[in-house]
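Next come two complexes built around chain A: one with chain B, the other with chain C.
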Partner chain A sequence: MSMVDPAIRSGAWAAGSDAPEKTEVRIGFIPLTDCASVVIASVMGFDKKYGIKIVPSKEASWAGVRDKLVNGELDAAHVLYGLMYGVQMGIGGQKKDMAVLMNLNNNGQAISLSNQLKAKGAVDGASLAALIKKEPREYTFAQTFPTGTHAMWLYYWLGAYGVNPFTEVKNITVPPPQMIANMRVGNMDGFCVGEPWNARAIRDNVGFTAATSQGIWKDHPEKVLGATAEWVAKHPNTARAMIMAILDASKYIDDMKNRSSVARIIAEKSYVNTDFDSIEDRMLGQYNNGNGKKWQDANYMKFYNDGTVNFPYLSDGMWFLTQHKRWGLLKEDPDYLAVAKKVNQIELYKQAATQTKTPIPKDVMRSSKMIDGTVWDGKNPKSYAAGFKVRQS
Partner chain B sequence: MKTPVTPSESPLRILLVDETFEHAALLKRALQDAGCKIAAHVSASADLPGLVAELKPDLIILDTESPDRDTLENLCVINRDQPRPIVMFTHDDDSDKIRAAIRAGVSAYVVDGLKSERLRPIMDVAIARFNEFQAMRTNLEKAESQLSERKEVERAKGILMKQRGWSEEEAYHALRKAAMDKGSRLGDVARQLVEITELLG
Partner chain C sequence: MNKTLQVLLPPLLGLLLFVGIWALVAQTTPTLPGPVKTWASAVQLFSDPFYQKGPNDQGIGWNILASLQRVAIGFGMAAAIGIPLGFMIGRFQFLNAMTAPIISLLRPVSPLAWLPIGLLVFKAANPAAIWVIFISSIWPMIINTAVGVNRIPQDYMNVAKVLNLSEWKIFTHILFPAVLPYMITGIRLSIGVAWLVIVAAEMLTGGVGIGFWVWDEWNNLNVEHIIIAIFIVGIVGLLLEQVLVLLAKRFSYE
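Let's turn to the complex of A and B:
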């Protein structure tokens, strides 16, 4: 099959005769609520329908996920969007061509602050910024990976309130399951992480939710299904089958009557390993910020939303590059559009979406308005990256 | 300029990160027998960035499956001026996997239960590989930045030629003069010109 011209191969696939090159795939995941679609695709057997078997593999660190993707121990992974672009550009480590097959979820991350800060009146971005200026000391904030999504939400949020995350506060990386313990002993003032860890901070009485990620960017991209470009080139049919199985799982999870049972499955020891209650509420959009406010959030964690969640918009990929540049992780402007076109596998995704009757957006770009009022639509990435008042380069 | 970490006859100072202390005891003894000095042995959720800054170890050794790897990742990215070589140890002696990991950029792997006389050469190789990688990185960054500067100058020249009807040489001289007058670099002046033109677009 490898000798056959790719155009003919995709034609052969359209005729339904192209079998997966590899039938068993190991997909890495980190214990977080948004690993749900990968887990459900396997647990509920959506993978079998497309001739593959997904073996979810629980991983201990994002660095480990990256290394295992690069050295082939994992076929694909539930991985931070920004990390994929960090590896593509060789930020802080090896450089390798990567492939984003689909976005896995929108929303459902948050920034928590310690109860000590709450006692001092820092309950949101503005009051936190005021406290930092009024009572200077070394304030420490944690994210989950230097090029990842949580780092970018945290930096964006602090920047929106005029706080430089590199010069005015200390910023560190802490693995998600260690966030709460670190906050309890006073090692940090705040953190940005995926659920269930923000809900757990409230239950464990160490912190509260100062901002949700959907409040920073409504329907932001988050985790992706990632692999190396080399792997995808060798296994296009398997890659397409994985996307189709996970699209089916995503539809299933977004049917709200299935959400509680999904929460119960992923809370298990082999997946997120936490109590069911910490996961369920926010999966249903029932938010309590731990500071007297309760609401039904319309922009809760979504996995499908008629396919708008999963389409690998080029503007989403480019956004992470603009932020890497903004914060000096990239020293030079890359060719934003060219990099995103290379990484995001639009064609493969479209084939999978067509096959699963998932609606495909018309445009490869989308327009989003952020918490600070700026609009990102994929145009003029260079001036967008350089246009922030708070930035490192 | 970063000072390279030197493999030498002096004892290597090592920061060992491991949750299972009894397991690490074996590795610790082997390292000491190999002439290494354990600067510190810590478990998860210690203040790793602080420790690395304070101890400046020659090597950091940690378990491949340790969640603390991400903490160290931050050090590599944020404090680019003070990178330290990182060595993984693993309980799994599948040599193909280890070879693949080393190709992927991890400085070296130590397999659980390795004999002490074999440890020191591995550590030295790890440091040598790390220094090589750092040198390559610095050169690459320099080359990339020069390339991108040349591109900016080309674009700025193009703009001036088009808008002012100048020859290539005239455009270049105008740019160089502007740079000299402002005491800035040619690349910076070119970039500013390109950006302003884009803005007025």
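Let's turn to the complex of A and C:
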């Protein structure tokens, strides 16, 4: 603790010892570009500064991450925002109170379509919707977890173009490598997944990027640092130390001069296990859609962005609930605000942010404009969820 | 000399044919690496099988050992329970009738369907993987042992009755030696299943092990390593079975 400036320490919270209850924390991650801040916090030693040791643990699947979080094999995890709310509400599994400690990144996911669709003229949302109506057959789209972020981006995108993701196309949950393998043999028409998989589809010449997730929702929330509510209640100081270490790592990664070296570290076999080339370009915002278009994306994957990335906005958490309701995963309207207040650990985050001098937004809600022009600001979640033209309930 | 040639020639020819077909298929499928490329990759992989680079990146040797350990525990428990159970089911008709429906119901269940149950009960991935091995490899041992006991010629039992042998003597002098060949068949089938299942279970649970290693290589779409893993799994499975056959021969009365 001697390393932390005493003035900051006393300012952060009032009473009690701030020593971490647990000094070694296992944080699960899935090999994706956006696991970077968890990995960097460990590799660059940001964790030691706060008296903890982060042990990143590579996991096989999102279902595996969910199970290991719930049964306590993992202390925390790099996990899909929507998955946390799915478990909280008991959608498709055991119900368990969960805690979102911070958001890890904005942007950097994408929807890829197969080259066969490209040959038929489906190059974006509008032309895909036109093709589906014109040549009906069973179109198959994949996402990574039923309540997860990729499912929600995919559904939202299809819905924005008037395609119902449940009745007009077939949507399935499969692991990313299987998406590529299936697309190669013409078994899959499109998928939504995190990088490096969309870049990989282009490199392997099986598909192209039809939409980026930042095009669906600029600066959308994505992966979070998640734990169970029980774990956080037992280890508040450890949780705070984790947030602080990852905030430091996030700052480091968003310093663009560090990006290439970060890409090199996370490409290693221990982490994402891929070639450096597949991740570097899009980490730097250099996009190539695999269909003749190249651009520098201003809304590339961000990890810090002056703290706006990391703040666990209640409106972000509530948004996933509105979509779960919209697609019939939730049968009834939950008390949106109450659930988000329970899950998102605003207080803990604020303490950690104060200590690391991370700017804290004034409001726990934020206003976002989506691809279909609708605005989400956290107000009237019930009517927002029921207001979509394409929906399941 | 002539004799060894006669023994070695057919398998060698078979292997050559296999590699030939593989090379031919690889020629026409650009994404499938051929034997030469795979061999080079294997040599590199096995040049340093026991390195440790943190919990997420360990040498192939550690991964194989981790899987073998899981198999040893799961299979060991299955044998410890399955073989005695098989004897009892074979010996006592009542018990046979009692357990028959349960066994017929549970035996054909796909091994991986047991994994979520294991996770729920044990609340940890590693015991769940071991549980899957246990539950999938126990059936051949129960069934084969029971069948062996059933097939004992009635004459043997009549002799035992005439001599007024105790249940223990019947077991050690008649049942065990007569059932041994059946039991060994059961054990061989079981170890095959156990090894088959661990690779699949590890793919889902993660951690160190040959199964998750394959999964991770698949994540990277590294096809050479996947092919190497297929050979590793096959060769280790073959060795396991041979070791058991050797062990069984030592105990055999023949």
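FYI, the second predicted complex is superposed on the first by the 376 of 393 C-alpha atoms of A that agree within 3 Å, B and C clash if a C-alpha of one lies under 4 Å from a C-alpha of the other, contacts with A are read in each partner's own complex, and residues count from 1 in each chain.
Keep this in mind: a contact is a pair of C-beta atoms (placed from the backbone, for glycine too) under 8 Å apart; a residue touches a chain by one contact, two chains touch by 3 or more.
The model shown is predicted, which means the values in this text are computed figures rather than measured ones.
The superposition on chain A brings chain B into a clash with chain C. The partner that reaches more residues of chain A, of the two candidates chain B and chain C, is B. In the superposition on chain A, A:A126 contacts neither chain B nor chain C.
In the superposition on chain A, A:P31 contacts chain C only, with no contact to chain B.
By the touch criterion stated above, A:A338 is placed in contact with neither chain B nor chain C. Using the contact criterion defined above for the overlaid structures, shared-chain residue A:Y271 touches chain C, although it does not reach chain B. Look at A:S57: by the touch rule set out above, it reaches chain C but stays clear of chain B. Of the two partner chains, chain B is the only one touched by A:V174; chain C is not. When the two complexes are overlaid on their common chain A, residue A:M256 makes contact with neither chain B nor chain C. Looking at the shared chain after the overlay, A:R200 reaches chain C, while chain B stays out of its contact range.
In the superposed pair of complexes, A:I360 makes contact with neither chain B nor chain C.
For the contact definition in use here, the residues of chain A common to its chain B contact set and its chain C contact set are 60-61, 64, 67, 71-73, 175, 177. Remark: chain C residues 31, 53-57, 119, 123-125, 203-206, 212, 215-221 touch chain A in the complex. Note for the complex: chain B touches chain A at residues 44-45, 47, 49, 64-74, 76-78, 80, 97, 100-101, 103-106, 141, 144-145, 148, 195, 198-199. Residue ranges on chain A touching chain C, taken from their complex, read 31, 55-61, 64, 67-68, 71-73, 175-177, 180, 184, 200, 204, 268-271, 273-274. Partner chain B is touched in their complex by these residues of chain A: 60-64, 67, 70-73, 91-94, 96, 144-147, 166, 171-175, 177-178, 181-182, 187, 329, 331-333, 380, 382-383, 386.
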